[in-house]
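Heads up, the next two complexes both have chain A, just with different partners, chain B and then chain C.
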Partner chain A sequence: MRTSVPIKVLAQMSCRNLWRHRRRNVMLLGAIVLAVAFVLLANSLLRGWQAQMLDTVVANLTGHVKVLAPGYRDDPSIQRGFELSADYQPAVPGLDGWTSRVRVPGVILSERDTRGVQLVGVDPAQELQISFLADVALEGEFLASPADRRVLIGAALAEQLETRIGRRIVLMTQGSDGRNREAGYRIAGIYRASSSSLEKVFVFTGREVLQSLLDSEAVTELSIRLTENGQRNQAKDVLQRQFSNQEASTWDELEPMAASMFRFVDTAMLIWFSIMMAALAFGLVNTLVTAVMERNRELGMLRAIGMQPGILLLQVVMESLMIVSLGVLLGIGFGVLAVHWLSEGIDLSQWTAGIESYYMGSLLVPVLLPYDILRVLGLSLLFGLLASAFPAWRAVRVEPLDAMRR
Partner chain B sequence: MSETDFVVQCRGLERTYHDDGVPVHALAGVDFDVEQGEFVSLAGPSGSGKSTLLNCIGGLDRATAGSVTVGGVDLATLSSSELAELRLRRVGFVFQSYNLIPVLSARENVEFIMQLQGVSAAERHRDAMAMLDSLGIGELADRRPGELSGGQQQRVAVARAIVSKPVLLLADEPSANLDSHTTAELLQLLADINEQRGMTIITATHDPAVMAFARRRIGLQDGLIVSDQRAEAGG
Partner chain C sequence: MTRTSILVCLLLWLAVPVSAEEARALVAGAIDLTRGTTSYAKMSMQIHRPDWQRNSSLVAWTRGREDALIRFTAPAKDAGNATLKDDEKMWTFTPRLNRVIRLPYSLMAQSWAGSDFSYNDLSRTDNLLHDYRLSLVDSRQQDGHTVYTIEAVPHDDAPVVWGREVLVLRDDYVLLSHTFHDQDDLPLKRLEAMEIGEKGGRVFATRMRMVKLEEPDHWTEVNYDEVQFDVELEDGLFTVYSLRSGAGG
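Let's look at the complex of A and B:
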């Protein structure tokens, strides 16, 4: 006949033992709650940064997937363009928006100054579906159509050129025949973007207007925005089949530095979590070992009256899991509340210049994913289980006679 | 009398400890048998080996040489897990300092051992209450050990030890922490259990009052039996 495992009474004993030393256990519980809440909040801020990073990269004219002519990335000129039929519609899974552009390096001249820029010929309606232009603060007017002969420039560039809305500027670039071409345009609007570097680099005009200046009917890129980042490789494959002579690339292939930082966030979350949990595990082990040592006599007696070592081990583990589970659940609750409290975002505008290179905007909004909550829950319980292993082992090694003699 | 009529049989029992490398012979060759229903008192001065003998009989300690048989089972053949099982089902323990579980009530303490044995909740509850009532502490069933006097705690410990009807009750200095009045009550209780339930009891003590209650007194000195007297139980 085997000894039965009295789960109910073990749970009852664990609860009462925890309550018996409530001051110590409340402190431990508080530490678990704080650590878990803090980890969850930190994770959500890192996730927010990651989401912002992805949004920034995708919106900064990259898209989730882009089609370029071979060699364009090394020599971005209209000679590296490709023809796109007027009725082209991408049949891509998860499509959120798309556009084709003409994008070439050029020079902008005002009466006061001259700057090197990226000239971007766009279809305004399509552009607003997928790029950062949809979110800019605009002074003046937006471009009306691909045939609009006016330009949009960034506020930082306008400041450098000492120009304003309604003034004329001259755009100069290399045409499809290799000769320099230039034309004068009037400024329709000045945009303020999340980053001053965007404002300094991109000058927008109608796509047909720029094609006319370059004397070409080609476009240099087809950019796709998807509803889910996870669909990008599938979309890339579809586009690559459609444009077999061109190169389809995902955003992480086009922006390897951003991709590295994106992946780093996942690692950072795990490292951060491990550090917090390791610190917590020390506290947990310490408390549990103390609890086991204090109850040495009681544990010895339990062994003496016939309790099997496995049941004793179960009781210590149960005690550990109870306090860890309670702490983790409360910690997740407080963490969710903290994220909710910060749901309007953290204003980072005073550090904008410094954080632009990290693909961050001026407002960091925490993002809480169910997956992250489940991961914190699962890993915390696993840490609790591992932390209880040593105290449980000590409890099992209690010699009944030695323990009861003390 | 056949071999199987003996609850306990010790043959050439030796137990040697090593204290800083120096061998200490706690038991130096003990031979004795205990029959079903006996009330035996192991007596002797400190260090005579009475507690060691009790622990060897209860399977809490292992003999260095010789053998101990409890209920026909040679303890040397059992693993530590099997010894725990034997202690759980066939041997009841009463300790010097009660050793109740502090976070459980008197009733829960009594029920605990039956829970380990897999007894159903209803049966457990009924037996535990009946046992506490029979020992005169039924009204204290919901109190925790910290809320009970020493004598009441020892009664709960006795209830826990005998509730599952073991073949053998071992009591190590059961009166050590009790006053004379409570000791007398406890001894009467043990005598009643022995007489009315026919339970075999072995106590280790140097309390003359406990010795007086036992019907058989075994004297130990330096790990050897020096006397073995049978007497009428008395108060």
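Let's look at the complex of A and C:
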């Protein structure tokens, strides 16, 4: 297409056309700003949820990557453990923290109740670097060493068992020979985690203590925390090579439910974006079509004095893009302000019981990624371009003689 | 001080040998009494609750403290239900389901047949001797017997949830009561001898009651209607096969 009118003149004309109907166009601009700001805010809230989900899953003794013996996931027993040399150090890219644990199903008994739990033998120093135990409110004392012969139980479990710090409870589980093992332990501390289901499930004691109860030298898992979630597959490959007889898995393989929810959030963002933009589209197309129709005579005249249809088309598209891009930029500005205003987080503690199952904590902090801003920007402009197609086509189809006769 | 009061003091001092060995010997004696002996008994059991109660009849075979087979004979809906104990392991059989279930250890603290007895109450054998520190805290004369009160405090790493247990034992090893205290020293449940008599040529508690002390009016009573000791038992009586086949009943 050969342009006979310079772009500058065209832009000037578009500006003036928009200015001619200030009130209408400012309202349209407002709608765009509002829609984009909301999309961006919703986006960052969903991202915040996603980040929390990842945090929760990784901290709930999963880690980014975990090494388990084959078959442990179907039958978690000490027989499906593996030996780890005492001086083992994982050489994994992006390592943040790591630990090895003994984790077996067991039963905890008090004078008044009996509950099924997960017995977890930990190295307290390492555990504090990588799991949710670092963030819990603790009453009493933490375990001192892997040989600490006391236990740490959750507040909800302590309530069920009607027991407290300093009391003796009995742990029961299946030893490495398949026979029943049981022993009494004193409660060192009671922890309060973000969710009561965690508190009811995990009973911690020293790793060596649990190993001696089970009569085994083995551990059942090696859990690795990384600095970047994106490095997990690489870390998994490295670990798989180191432990050729065991199975290395990433958190999304270990927690498929959380992983699918994680992926769902990505889709949810697009769906939310589409709904907002579809609503906006009617407003935008309507305004542009009106603008074209009321300028029918004028457009016919321009055609008659020799303006090419391509230029006309370009001008309508330009008008649309101008108003959309101004709206989007302002919208992103307001969105960023809103996110900043909410950066303290939204307190959801009222609904804690209900949202736990969605891997949410009681505070939702929005997370704004540059990638998301660029995506909103790009998609909005693309959308502005598409929305102008129909009005532009209408403008091109104007018959000069018909238009001027009226 | 008169001469008689000195004598009484002396007698009391002699009668209260507060020693761990003494307590241990008493408990061991009580355990040894049943070691190696076989028995066959017809019993009735009454489960009592504030608003209802249930009576059932059962037969039981025992060999020492290790083996036991208990089978319900009445009421009709429970008849045939049976429990087998072989050392630490326990199985139950329900004829209506035709299934034998090996009891997981996690269920051992649960109630047996809806009564106030737990499976543990039935299955514990000589753990009093190795999981507890025993001491004799009192002894007194009663109905021509010396009655000893023995305190059993579990070792710190023992698989025992109780804070303390108190046994009252007669010099002929009849257990008069066994109280279980929690770790705040509140008594939670007590096994009491309601009647002591001679049956099958031996003197023992022929009627016993397990009382839940936190819930008033919750108790279960077991009454021995007929007992024979040192009976001939088939070799295969204490096996899962005989549990399933309804042997002995």
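Here is the rule we go by: the second predicted complex is superposed on the first by the 402 of 406 C-alpha atoms of A that agree within 3 Å, B and C clash if a C-alpha of one lies under 4 Å from a C-alpha of the other, contacts with A are read in each partner's own complex, and residues count from 1 in each chain.
Simple rule for what comes next: contacts are C-beta pairs under 8 Å (C-beta built on N, C-alpha and C of every residue); 3 or more make two chains touch, one makes a residue touch a chain.
Computed from a predicted model, the values in this text were never measured in an experiment.
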item: Side-by-side fit of chain B and chain C on chain A, or clash; value: fit
item: First, second, both or neither for A:I169, with chain B first and chain C second; value: second
item: Partner chain(s) touched by A:Q234 [first = chain B, second = chain C, both, neither]; value: neither
item: Partner chain(s) touched by A:M404 [first = chain B, second = chain C, both, neither]; value: first
item: Touched partner set for A:S110, first chain B, second chain C, both or neither; value: second
item: Partner chain(s) touched by A:Q126 [first = chain B, second = chain C, both, neither]; value: neither
item: Spatial angle chain C-chain A-chain B, Cα centroids [nearest 10 degrees]; value: 160
item: Which superposed partner A:S274 touches (first chain B, second chain C, both, neither); value: neither
item: Comparison of chain B and chain C by chain A residues contacted; value: B
item: First, second, both or neither for A:N180, with chain B first and chain C second; value: second
item: Lowest C-alpha to C-alpha distance for chain C against chain B (Å); value: 87
item: Chain B and chain C contact sites that coincide on chain A, given as residue numbers; value: none
item: Chain B residues touching chain A - in the complex, by the definition given at the top; value: 55, 58, 60-61, 81, 84-89, 93, 95, 97, 99, 101-104, 108, 111-113, 115-118, 160
item: Chain B contact footprint on chain A (complex, rising order); value: 1-4, 6, 9, 12-13, 16-17, 20, 297-298, 301-309, 311, 400-401, 404
item: Residue ranges of chain A touching chain C (in the complex, touch as defined); value: 107, 109-112, 114, 116, 149, 163, 167-170, 172, 180, 182-186
item: In the complex, chain C residues that touch chain A; value: 88, 105-106, 109-110, 154-163, 180, 182-183, 188
